[in-house]
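Take a look at the structure set out below.
The first chain written gets the first letter, and so on, giving A, B, C, D and E; residue counts start at 1 in each chain.
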Amino acid sequence: MTIETATDNKASNLWGLANPTRFMRFADSVIPFCFIATVLLFAIGLYMSLNAPEDYQQGATVLIMFIHVPAAWLAMMTYSVMSVSALGTIVWRHPLADVSLRAAAPLGAVFTFLALATGSLWGKPMWGTWWEWDARMTSVLILFIIYLGLIALSKAFDEPSEAAQPVAVMTLTGFVIIPIIKFSVDWWNTLHQPASVSRFDRPAMAPEFLYPLLVMALAYIALFFTLHLMSMRNEVLSRRIRSLKMKTARSKGIS
Amino acid sequence: MIALLKREIVSSWRSGSGALMGVLFFLTVVTVFPFAVGPDTRLLTQLAPAILWIGALLASLLGLDRLFTQEREDGSLDLLVMQSHPLMLTIFIKASAHWFTTGLPLVLATPLFGIMLNLSPAAVGVTMVTLLAGTPAISFIGTVGAAVAVKLPRGGMLISILVLPLVIPVLIFGIAAIAGASNTSQPFTGPFLFLCAITLFTSVLGPLAASVMLRHSAD
Amino acid sequence: MIALLKREIVSSWRSGSGALMGVLFFLTVVTVFPFAVGPDTRLLTQLAPAILWIGALLASLLGLDRLFTQEREDGSLDLLVMQSHPLMLTIFIKASAHWFTTGLPLVLATPLFGIMLNLSPAAVGVTMVTLLAGTPAISFIGTVGAAVAVKLPRGGMLISILVLPLVIPVLIFGIAAIAGASNTSQPFTGPFLFLCAITLFTSVLGPLAASVMLRHSAD
Amino acid sequence: MKLIVENLALSRGGQQIVSGISFELTAGEALVVTGENGSGKSTTLRGVAGLLPLDHGQVCLFDETGKQFEEPVREYCHYLGHKNALKQNLTVRENLTFWQDFMGDTLLSVEEALEEVNLSHTIDLPSNYLSTGQKRRVAIAKLLVSDRPIWILDEPTSGLDAQSVDMFSHHIKAFCEDGGILIVATHLPLGLKDTKTLKIGTEPL
Amino acid sequence: MKLIVENLALSRGGQQIVSGISFELTAGEALVVTGENGSGKSTTLRGVAGLLPLDHGQVCLFDETGKQFEEPVREYCHYLGHKNALKQNLTVRENLTFWQDFMGDTLLSVEEALEEVNLSHTIDLPSNYLSTGQKRRVAIAKLLVSDRPIWILDEPTSGLDAQSVDMFSHHIKAFCEDGGILIVATHLPLGLKDTKTLKIGTEPL
């Protein structure tokens, strides 16, 4: 059993399931388009929101909504993406699934933080306090904690491939928070606005707010995918570098 | 399996990791709250269920980190995993043992603390019942955290961070049930049944997730 | 000695319980309370001191018993004990490292919690000072318990019997001090000075007692 | 009964440690795994015992009639690793009784097993009172309390004194003669005759 | 330099395990402690290293001029027990650097020491990535990073492969030639010439 065969097999088994080389090519080709789409959508979205009429009760602060609401939606969407990736890791042991999970976590944390920050910025004029222990704010805060917890967990292992399974399992168990966030406002009657766009019957929001909001949401989504692809690419690269380092360490061990 | 249960309980009793630590922590929590609330006994009585539940919740976190880490360090984990018993069951038993040594003592100690917070006997009864129904869920959810951190020698804090958000629903319904029992305006059975449901639910899902985790974690 | 401090902190940081992790942990603990006592911000503000101190206690109890038992299991304890450094100092350093990962984060994170439990800026200041003065005592007292756990591997019970009753006064004074600062009816300086006294006192007695325990415990 | 291992490849911490490992053992045969420190003996044994995921290759067990058992191989194995799997704060008796009940298929009683490794006098001592070698011998007694057709032993004699080593090699001989399958990784000769040997290549790391 | 041990008696768990142990070692001499499992080798070594209270007897160290050192003997000792004293989640380098700084009296640099036990390639691996024998070799490297006149080693070669054993016996020979005092408990010959030996009586328990 010589090292050559060993390393060959390594190459074939670690990345055997997925073909990251193909993924890299795919990413390289797609990322520019995503980027352009993001820029365009944000341009349109911001333009529309700035021209949106002032709300009769919220005044200019309504502008925050166009940042806040999509951020909140993305916070939840990102977690859903992560949960799907987690399934990929647990069921099919698909290396790329783990890569995407790890890449998505920090993004999700940032979006959640954005929702929290803008939310509490908005809360000050609306409710007079930065922070209320209102059902939705709290549940989103918990989502934030879960994100950070997952990131911490994946950092706690010194070998990425060892972190995959634990993080995936934890991500799936954490998914319960999403429905809680979604329906918290309906379960406990609280300060926070009940869903008026993402409702199962037709939206109850004036179109002049609705359309810019939707465009902004699209912009956020485009942004998410751009960043996600980019950080996935970095993750793959860093792992390759890592295993190269290991390999050289081994060859040194032989000589 | 009885063998495992016995061994777990004896072992953790000998090393005192569970029972007493939990109860005393519980006691501490109960003791210090009055100093924050001040002399107002009415408020205190009103807070009592909350205090007891918080105490129970946090106390159950103690010793979670050792649940599997220790097995791994002394080499037992390998053998536990290899046997023909379904791994889920093995973990279920360990979780139950953890509850017997941390959750149950708290439930039993409740009347004592109820007196300290001058709760009405009825209220004490209700609190005990809800704790009895709810605390097992904490242990079951806890096993997932413990399994996930099995390779981390000092994962105590991390495990708590991962587990606490998940047990919040237990807390919510526990408190709600007590509130329901005390004043007629709110329902009792609803939240209580929810509580039982959660416990049953987690008693399956917790060990399941943990077993997925442990099957190949042993290296 | 710096080497020891560094090693302790790095090691516990690796296995997920560094300062940042600490902050996150306390954030989690604080978040749990509203679910128990209800979203009433006024009440929460009043309970804030108790919440923070209980968090501090929990944080340092998690993994306290591992403080020396782990050293013993991997054989490091023998070497730590043999060196020419005064054992007391070694233990003092370990205790400080323990505080850095459990107590300090709470102190640093207090402003954040100030916002969440809307404390007045003044109150935040006081709370920080009080925690800074008080939390080390928990770690120092803790080391004694941890040392006992090593001395009597199967008498781990003692850890809790020993530590918690000793810690309760710390919590009480800590809470009293904060309460005193927030409302003028109660005194502040009294409890606060007591707190400092306890910390100084334990910072010497704790390591001393622990070193007596450890000197020949290693077997 | 026949154990077939076909070109096994195993990795640790994301790095492939061993690959292309194949051997066949029929009832009564013993395989001695040798190699330098860090060559991958323990890794191989853990792989066969089903304690590590296989990168590729397979481990199967067939009965006399040549049909494969449907249960995973690990359920037919005793695994003795570098660690002894004894709970510090339980007595020797408690430890052994637990494993006997938990593993099932009782073979010897706890007392007899301890007699075999001549440690009967320590039966009621807490197991952290035992010396290193005594602990190891208790772990060997663990193999005798419940019946498994396959023994996978990782440096079983480390810490044993000369006469305990004889005692041990007597036990494994007896086990093989009763048609057991033995896989043992060791640095020291165990006094086994006509065994297959598997030499694992030079230290990869 | 001269180490004198006068009829030492030590007990474990309230039971006297060994008694009447006396020996003298001058610079450059080696003492090999042998005996069955559970006879009390580790106990004796721990007693000499000052890790167990002495029931009676004494352990003293004198310098060339014959005057006794006032510091306790343990401060002049390297002790290598059955455990390796490595923190799982620190890298090999971090572990060794820590012990070097903590023990003081730097001898070899960490890199050199690892070179000596030829493990330089593992220097940046977390130490729980190492195999049993590799861990043991790191523990041996620990003896080389800081300078102590007395080495007390308890079964240092357990888990080592043949060539590492040679490497090790080469090191202890070198140590003795440099006037070190060596006390080693072992079940296996270490290839040391003209050593004193201490045979500890048959298993008391």
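Heads up, the rule we're going with is that contacts are C-beta pairs under 8 Å (C-beta built on N, C-alpha and C of every residue); 3 or more make two chains touch, one makes a residue touch a chain.
Not measured: the values here are computed from a predicted model.
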Required minimum of steps from chain A to chain C, each step between chains that touch: 1
Interface ranked first by C-beta contact pairs: B-C
Approximate Å spacing (C-alpha centroids) for the pair chain C, chain E: 37
Rounded Å distance, chain A centre to chain B centre (Cα mean): 31
Interchain centroid distance [CA atoms averaged], chain A/chain E, Å: 54
Distance between chain centroids, defined by C-alpha means - chain B, chain E (Å): 46
For chain D, residues contacting two or more additional chains: 12-13, 82, 88-89, 205
Residues of chain C touching at least two other chains: 11, 14-16, 21, 24, 28, 31, 35, 73, 153-154
For chain A, residues contacting two or more additional chains: 142, 145, 148-149, 152-153, 156, 158, 162, 249-250, 253
Of all residues in chain A, those that touch chain B in their complex: 90, 142, 145-146, 148-149, 152-153, 156-157, 162, 165-166, 169-170, 172-174, 176-177, 180
Contacting residues of chain D [partner chain E, same complex]: 12-13, 35-38, 42, 82, 121-122, 125, 129-134, 136-137, 155, 158-164, 187-188, 205
For the chain C and chain A complex, residues of the former touching the latter: 14-16, 20-21, 24, 27-28, 31, 34-35, 39, 41, 44, 115-116, 118
Complex contact set, residues of chain D against chain A: 9, 11, 13-21, 55-56, 200-205
Chain B residues within the chain D interface of the complex: 1-4, 6-7, 10-11, 14-15, 73-76, 78-85, 216, 218-219
